[in-house]
């Protein structure tokens, strides 16, 4: 494997990081949105331009500053990081479109602040994706925590304050209380924080200590929303929908699971975990979360809350996949980062579109809405299929790999977990779609007159829904990256 | 509180007693303090600085840098009192008291009024005024010149006998304060206005530090009086002696001015109208 | 001229103070420019010395050309050059940021404020560069007396707070003086380097042990380590804002520096850390200090008092880190002297600005502060993040070393205390941010919050604050260089 | 140690015992007294005790003042016959410091009296609580 030194990862981050000052100095809304698109496209362009090199098996590195004598703030673009960055940056473009429609449609206040912190969050997300070591990852992880706070609490009312509190309590409590000491212990044991394929902890500590460390990391990265550190996510749904869509279905939560995957593969190493049988521990925690979250989702009436619990469950698929430690499971986990992202963001976009058009938030108020908003609800249907994991949607591919992975690892229990939860997924999503389209005219709460949300709220979910379908037929870009990453993680170059 | 204090004090005392058991005996000429650095001063100060008073030599030369800051501490205290107490927005007193010199009859003029300037037969007095004791007043006037002369002697003769800038400055300051006590603040202020005390106190320290700075500008280390030899036209060792004298004068001026300024501020509570 | 920097850096603010006192009567307008130019010159000299130390190693300056231990010597090494540069920068930035406030708070006496300010700085710089144990006491008193005066001229109960400060400060300084006297008694010298040479012969001597304990107790009192912190909250909260943001970063940090200097370079390392069983109790004291101060900070209702308690906790960080006795912890402590000075300055400047514009700094007055004073609040956010310990601000990196050192030393209580204090700081600061961000609430949910008048401070106040805030991040990113080039050389090789 | 030993110890260092007593008295006054001026007096006693301590170091039994006659050659001066000048120099500084501290403390006391009309700490605290 050859290593290229290039400033591109930094450029990708700077593309978003430079945006807030520009926004702060521009007064007109049109200019503001134009700059946002510009930044999103630039970022995507820079990230996409790294694809060929990574496909070719190269690794791109850049050291920004030697911040501690043995640890630097450094970037390394490998297949896994690029996969995540690609998903986030491509969806940022779509979300920017959507945000314009949503924020204008609802005449929200403080839009400059909104777009600025949105850019900050994306910069941090890509930073996490490209981190070469745990310190850099932690840096961007914390940056993301603080950048999303003003977005979660955008409405500045009492409910937002309560949610913001909960959000910070979990996220900061986890990162300062658990991840920071765990990271320092790792540094103390090994003298380095560099992610490396075989892990760095092998032979440095006893089994009990390693177990404690692993637990600290898995729960400490509270953005991964592994139960019982999950309840910030439903609370964070008070945010404007674009935030929920991109951050709480893609960027923030995936940063959590991405960090867990990175730590599991790069710090502990799959070999060490297999040896100590620690994978099973994490997989069990993840399984509990998957099933419990799906069950809770069934009982939620708020659409966004149901989506949130669904997200909690889906995130743990990724953790589960990583914890199974078999090649297909790892590939599936990484693919699921992408596939779930496209599916779930579609669902959130739809939820937001419904809110903009009708002001409805609860599922029980949405009977017959399919007649009024057919495009939106069609997109919703496709998104739901993808999240459940049914063809012809991308979600099927990742779940397929996970199932195969469970078989490879010879863990039939977890195969059942995946299957049961898929059924539960179907049980909490499909009724929504069914009621939207197939309820009797008497029951319907809406007139049979097409009245969609503003254009910029409708196009994005259609785009992402189409993308979900397309990913079923052409999963190549992500699949190849995921396979590369798996090979790298398992040490076979 | 008392119990806690007792405990703290006893603990502290016990610590001191513990340390003291290992002290060299009192007055022991072979103790480390008497044998390490100080013999150098005793043996060499005369040949190195041409000052017979070893304390003066150490104070103003070997550890002259300390002494510069010591003078600055005094200056700081003066400035601090001024800063804390001085009342700037002076409002005119509600009433003024005037005493007819010949008869002792006292007039009280209300609402800020005052007697015309030419009324020489009246003098303004403090509200707490008591008839001056002629003996005290006269005696003070008589001894004041001698006190001041002695102060100058103490400054000047610091090289050869106990004394120096601090002692002389304090005595001089005491003379001014004695005048203020025996007469009143108003007449003292006419002799030595507040502005002059501040300028003198700062100027005194500046003389000290400036001497050091001149040494530095002449290419030597800060406060290396030997560098002044060229300017003073003497050999480097005498230059040290003269240098010490110059800074002692600076110290004396600063200390005197600060003493007086402290008295002004404390006695009049910063109002500069009526004192003790 | 640069060879004379060690003397000039102390003498020039001193002489400038005298000149300012004279100019105040002659030409009042010239006082502020003179003060600023002098402090800028000091910073330049400090940076020059730091550069020289890094390039060509430590050097000494013999005042009056008397070789130590006969005369007084200044010893410039990596440790004090670093601290000196930080303090000089803090003093300059603070004056630039707060002279407007000073004009308002002190009215006619503002020129004497500048003179005292310069004296305070001269004393602080002197404490840092001096190599003579007694000279340190004299300089300490210059700093203290000017500090008492500055604090005493504050609002409301300032005089009482300042008098208590005098009592505690005098006891602390007297203890230090007594400790120095004890050492003089058994060694016959006052020069720090000379003391360090002689003391190894005197390990069993009870006088040395007593000297160490007495001097350390005095220093603990001066640096406001719990439970000797009583003077600090009142002194800091009652003084006026330009004074607060000068004294808060400089005083306690300088005293921590003195502790480091005394324990490493006056007493031999194996005495401080090996012979005496002092390190473990000191760490426990630090743990108690951190936990207690953090809890007390929670119960405060005004920003400056809250910060005062946070400051006491930070003192615990440094004391604890230092007495861990290993290289990493000590690096953290020294780094934190610099970082804490910077972040304390940053926080108190923001508080000063808030107080000037909103005329009150109780939590209630902060309602809507983010909309009324966005820049000031942004600075406060950066300072807060640094105190919480969020990368890439400098607070994270000193905490990194401190926790790392504690892990290496197996001091789990200290690890716990640091994490606990970080979390408490997060609560403290976000409580404030919440008030500033959410309140006053809109009339209805999801409505637009009410409009508030924009009340940001003038640009001359904001610019230095922004520089400080940026400095926190730059300091954080430079941690690697500071540690490898400066702090590694500052810690004796005997510390592993 | 025998009783005679203790007595010898006490006699040999008696100046030092006195400074310890003075120091404790000063500290006690500063902590316990509730009147601010008394506290200031305690502070001065504390500082004076240290001066006594330093000056005691300087003493040598039977030695003369550290002022030389001009005609005495330097090489003929025996350090044992002249008391140690250094502590005296240091204490000149310490005296100045204590005077300076006293000045500032008194200035503050005046300001406190102006504000509260009393110098009793308890009464001041009552006033502050009621305000």
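Each chain gets a letter, A, B, C and D, in the order it is written, and its residues are counted from 1.
What we mean here is this: a residue touches a chain if its C-beta (ideal position, glycine included) is under 8 Å from a C-beta of that chain, and two chains touch if they have at least 3 such contacts.
This structure is a prediction, so every number in the text was calculated from the model and none was measured.
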Contact-richer chain pair [A-C vs B-C]: B-C
Geometric centre distance via CA averages, chain C-chain A, whole Å: 43
Would you mind pulling out the distance in Å between where the CA atoms of chain A average out and where those of chain D do? 70
Roughly how far is chain B from chain C, going centre to centre by Cα mean, in whole Å? 32
Centroid from C-alpha atoms only, then distance chain C to chain D, rounded to Å. What do you get? 29
Chain C residues touching 2+ other chains are 134, 138, 141, 145, 148-149, 152, 159, 184-185, 190
What are the residue numbers in chain B that touch two or more other chains? 16, 20-21, 23, 31, 33-35, 37-38, 41, 63, 66, 70, 73, 76-77, 80-81, 84
Where does chain A touch two or more other chains at once, residue-wise? none
Between which chains does touch occur? A-C, B-C, B-D, C-D
Taking the touch rule as given, give the residues of chain A at its contact with chain C in the complex, in rising order. 65-69, 72-73, 109, 135, 138-139, 142-143, 146, 150, 153, 155-161, 164-165, 168, 172-173, 176-177, 180-181, 184-185, 187-188
Provide the residue numbers of chain B that touch chain D in the complex, in ascending order. 1-2, 4-6, 8-10, 12-13, 16-17, 20-21, 23, 25-31, 33-35, 37-39, 41-47, 52-55, 58-59, 63, 66-67, 70, 73-74, 76-78, 80-81, 84-85, 160-162, 166, 262, 265-266, 269-270
For a test of understanding, state which residues of chain B touch chain C in their complex under the given definition. 15-16, 18-24, 31-38, 40-41, 61-66, 68-70, 72-73, 75-77, 79-84, 86, 88-89, 195, 198-199, 201-203, 205-206, 209-210, 212-213, 216, 220-226
Residue numbers of chain C touching chain B in their complex, please. 4, 7-8, 11, 14-15, 18-19, 21-22, 24-25, 61-66, 69-72, 107-109, 112-113, 115-116, 119, 122, 126, 132, 134-135, 138-139, 141-142, 145-146, 148-149, 152-153, 159, 182, 184-190, 194, 198, 205-207, 209-211, 213-214
In the complex formed with chain A, which residues of chain C make contact? 385, 388-392, 397, 400, 403-404, 407-408, 415, 419, 422-423, 426, 430, 434, 437-438, 441-442, 445-449, 476-477, 479-481, 483-484
